[in-house]
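Shared between the two complexes below is chain A, which pairs with chain B and chain C, respectively.
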Partner chain A sequence: MQGNTACAEGALAAGCRFFGGYPITPSTEVAEHMAAKLPRVGGVFIQMEDEIAGIASVIGASWTGARAMTATSGPGFSLMMENIGFAVMTETPCVLVNIQRGGPSTGQPTMSAQADMLQCRFGSHGDYSIIALSPASVQEMFELTVDAFNLADRFRVPVFLMADEIIGHMRERIEIPDSVPREERKILPKGTPPFRADEGMIPGFPQFGKGYGVHVTGLTHDERGYPCATSPSLHEDLVKRLVAKVESARHEIADYRVTNPEAEVVFITYGSPARTVEQVLHDHPDERIGHLRFRVVWPFPEKALDKFPDAKVFLVPEQNLGQIAREIERHTCIPVVPLPRFGGALHTPAELEKAVEAWR
Partner chain B sequence: MRHEVRFSGFGGQGIILSAVILGRAAVMYDGNYAVQTQVYGPEARGGASMSAVIIDDEPILYPKVTDPDIFVIMSQEGYEKYGVHAKENAMMVLDSSLVHSRPACRYIEIPATREAKQTLGRDIVANIIMLGALVKVTRVVREEAIEKAILDSVPKGTESLNLKAMKLGFELAEKGKIQ
Partner chain C sequence: MTYSDWLRVDRLPHIYCAGCGNGTVINCTLNAVDRMGWKKEETVFVSGIGCSSRAPGYIVTDSLHTTHGRALAFATGIKMANPELHVVVFTGDGDLAAIGGNHFIHSCRRNIDLTVVCMNNQIYGMTGGQGSPTTPRGALSTTTPYGSQEPAFDLCELASAAGANFVSRWTSYHVKELTRSIHQGLGVPGFSFIEALVQCPTNYGRRNKFRQVMDQVEYFKTHGILVQKAHRLRDEGLPIPADAILLGDMVRRDRPAMGVKR
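Our next item is the complex of A and B:
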């Protein structure tokens, strides 16, 4: 099965019943598959006039209670930024798939990249936090899409599946389980103001059509949902909560794989470069070479770095100029070496072997 | 044992579909692992098209083809772009009706496009003739496996045409000489 198809299958298995978007290479197969399958399970597929409307329709669908998603790539992702902020501010659960291609601008439509990793974290204006997952196989395109829906409903945030063209377009063996875990939205108790958050910092969700009257606005709002955009303390409390509800749970959300924890030279990867590192470790079994692979990139799980207490260097192969390497640098005192490879090609095993030799 | 198979031709010949069918045969009907990838430009139709399959009996880590041991070449441009550097012990299946060059490695000439037109009346199935020939020459998947995978993948109503093409590929490979 193709990675993009596996993503759509994961969404369907997770109960996604709305897709709104605009097709763009290399993500189009996600939309195609959803267009073919959603009507058969009572869902809705809408091809909107552009990506701005695509994400807007997803936000609307989510407020009716539906699990809703869109899929895009770089140029469409840029168009979505404003409404991503709206989804953050209105605490709307939704899933955005970005099958990353070469940028800036229209760049390389058919080639792989991982250069939107900072955009997904910081691309909309204002302070906020989101969750981003990064699959490294067709199997994970399925699994992490399911996780994305559960995390979105649990934390009431946009969750990003930040795949790359290689994983999106490649076909490989996949095993689809009979059922997948499902975490339901916490329901707002009747009579509670809709944006009142408890200690968990996440308000319950009003049920559409069950008699709740809710005002949903991108303006700074009080717990009733009404605009109140001039109170410094209200704004500060709201924004701090929006960030803290995700960041304070980052070690719980964390999802990573550790290989050879006693290693001195440690690769850190997410997405398709992980496959090259796995090949290197397979061809040259050596406990002195470690591998930390993130399946969740944001919120950044910095404690994962402590799993390698003997590490002398972190080598970070990415299909960009060093976006996550920069984040790793903030959390460690040992050298962090970005290994950029972009233009569409994937790091070869020989290139990464050479990088290890340089640190021996 | 890892095999890396590279298909090349021009957009519209079914170069990507050929790779998908081969990967499907390996995974679904031979119980092996396979990864299929592709390179294509926005100009796809008419331009050089390339796709690849890795087949292995253990899980495949690095997903890209680095040094193919099997080539299926269906256009001169495809040969020049993706076939000309084939390593010496590689095996190349050439559509001799469209490719004029000959490689330094072992190869077999299969006039697939001509035969598809003359014998079957439809040049669209040339890629299936090539797939049949590939399987006969290299045994990279079983004949029963490729047959089932072809039937899974082709449009309804074209099954018998495609099976004829596959069998014609088997025959041409048996008659052909490995050079």
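Our next item is the complex of A and C:
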């Protein structure tokens, strides 16, 4: 199965019943598969007039209680930014798939990249926090899409599946389970102010059509949901909570794989560069070479770095100029070496072996 | 019930300026919704950004106050995901015709079962009086200080050409007619578009020789002509005044629609 198809299958298994999007290479197969399958399970597929409308329709659908998603790539992702901020501010669960391609601008529509990793974290205006997952196989395109829906409903936040073109278009054998774990949105008890957050900092969800009479606005709002855009303390409290509800749970959300924890030279990867590192370790098994692979990139799970107490260097192959290497640098005192390879070509095993040799 | 049962009274007073026409249109819309006999829990109001788009915040039902220009795209998601809900969209000329123009024509084309009430004040009111796509040629605004040089959009022509099932235009003067047309639009399966010209004394009227609130309302009254009359004048080869405002129901048809309650 192709990665993009596995993503759509994961969404269907997770109970996604609404897809609103706009065709864009190299993500289109996700939409095509949803267009074919959703009507058969009582869901809705709608091709919108642009990506702005795509994410808008997804947010609207989510307020009716539906699990909803869209899929896109760089240029479409840029167009979605304003409404991503709206989803953050209104605490709307939704899943966005970005099959990353080379940018800036139209760039390389058919070639792989991981250059939107900071955009997904910081691209919309204002301070906020989101969750981003990064699959490194077709199986993970399925699994992490399921996880994305569960995390979105649990934290009431947009969740990004930040795949790259290589994983999206790769074909591998996968196993689809009979059922997948499902975490429901917490329901708002009737009579409770709709944006009053409990200790977990996540308010219950007042679904449209259930008699809550909730007003949902992108303006700074009080716990009743009423606009109150000029109070410094209210705004500060709201934004701090929106950030803290994700960041304070980052060790729970964290999801990574550790290979050779006693190693001194450690690769840190997410997405398709992980495959080259796996090839290196397969070709030359060596306990002195470690591998930390993030399946969740945001919120950044910095405690994962502690799994390699003997590490003397982190080598970070990415399909960008060092976006996550820079984040890793913030959390460690040992050298962090970005290994950028972009333009669409994947790192070769020889190239990574050479990088290891430099630190022997 | 009456329209006042639909108001979220704990949010009053509202933000509208003294003399604003938007309240009239909200009143007409709520009266029309009330006459439909819809339940509050089955009704959702959606809006974008601008003076008109603050309206859903004053209504007790579920409501979604979205981003600038995108109300129709959000509303499409709501209505397609749950056709059982009645979805009414409040928008304005800047929200709908400028930044949201593409969503407008595509919502008309899809003929999504929404009712859209556009409060056209011919200006950007909330940001302080900049020219909009419906600002008449020659009119003064803060961004057209020498008079607007751009031809204005005819929103009803646009909705008609793009495929809406119901299209109508009235003004804040024509309260009964406006209420009746909104009521009709609410009952039409498919996309219903009702444009309501409204006075904006603060940001349009005072720059354009409508010194008093009622001067602009009076203008709507004296310059409005029924679309049927305009057609008759045209057929008889008689002139239609250049500054006439065409009023009435322009389109009532039964194109295939989407998102209609099953």
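Going forward, the second predicted complex is superposed on the first by the 360 of 360 C-alpha atoms of A that agree within 3 Å, B and C clash if a C-alpha of one lies under 4 Å from a C-alpha of the other, contacts with A are read in each partner's own complex, and residues count from 1 in each chain.
Note that contacts are C-beta pairs under 8 Å (C-beta built on N, C-alpha and C of every residue); 3 or more make two chains touch, one makes a residue touch a chain.
The shown structure was predicted, so the numbers you read here are calculated from the model rather than taken from an experiment.
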| item | value |
| --- | --- |
| Touched partner set for A:Ser231, first chain B, second chain C, both or neither | neither |
| Partner chain in contact with A:His169 - chain B first, chain C second, else both or neither | first |
| Touched partner set for A:Thr348, first chain B, second chain C, both or neither | first |
| Comparison of chain B and chain C by chain A residues contacted | C |
| First, second, both or neither for A:Ala53, with chain B first and chain C second | second |
| Partner chain(s) touched by A:Phe208 [first = chain B, second = chain C, both, neither] | second |
| Touched partner set for A:Phe18, first chain B, second chain C, both or neither | second |
| Contacts of A:Ala68 with chain B and chain C, given as first, second, both or neither | second |
| Partner chain(s) touched by A:Thr276 [first = chain B, second = chain C, both, neither] | first |
| Chain B-touching residues of chain A, taken from the complex the two chains share | 25, 109-110, 166, 169-173, 272, 275-276, 278-279, 282, 346, 348-349 |
| Residue ranges of chain B touching chain A (in the complex, touch as defined) | 20, 23, 27, 33-42, 60-64, 66 |
| Sites on chain A touched by chain C in the complex | 17-18, 20, 44, 46, 48-50, 52-54, 56-66, 68, 82-83, 86, 206, 208-219, 226-227 |
| Residue ranges of chain C in contact with chain A within the complex | 8, 11, 40-42, 44, 46, 56-57, 60-67, 70, 73-82, 84-85, 102-103, 106 |
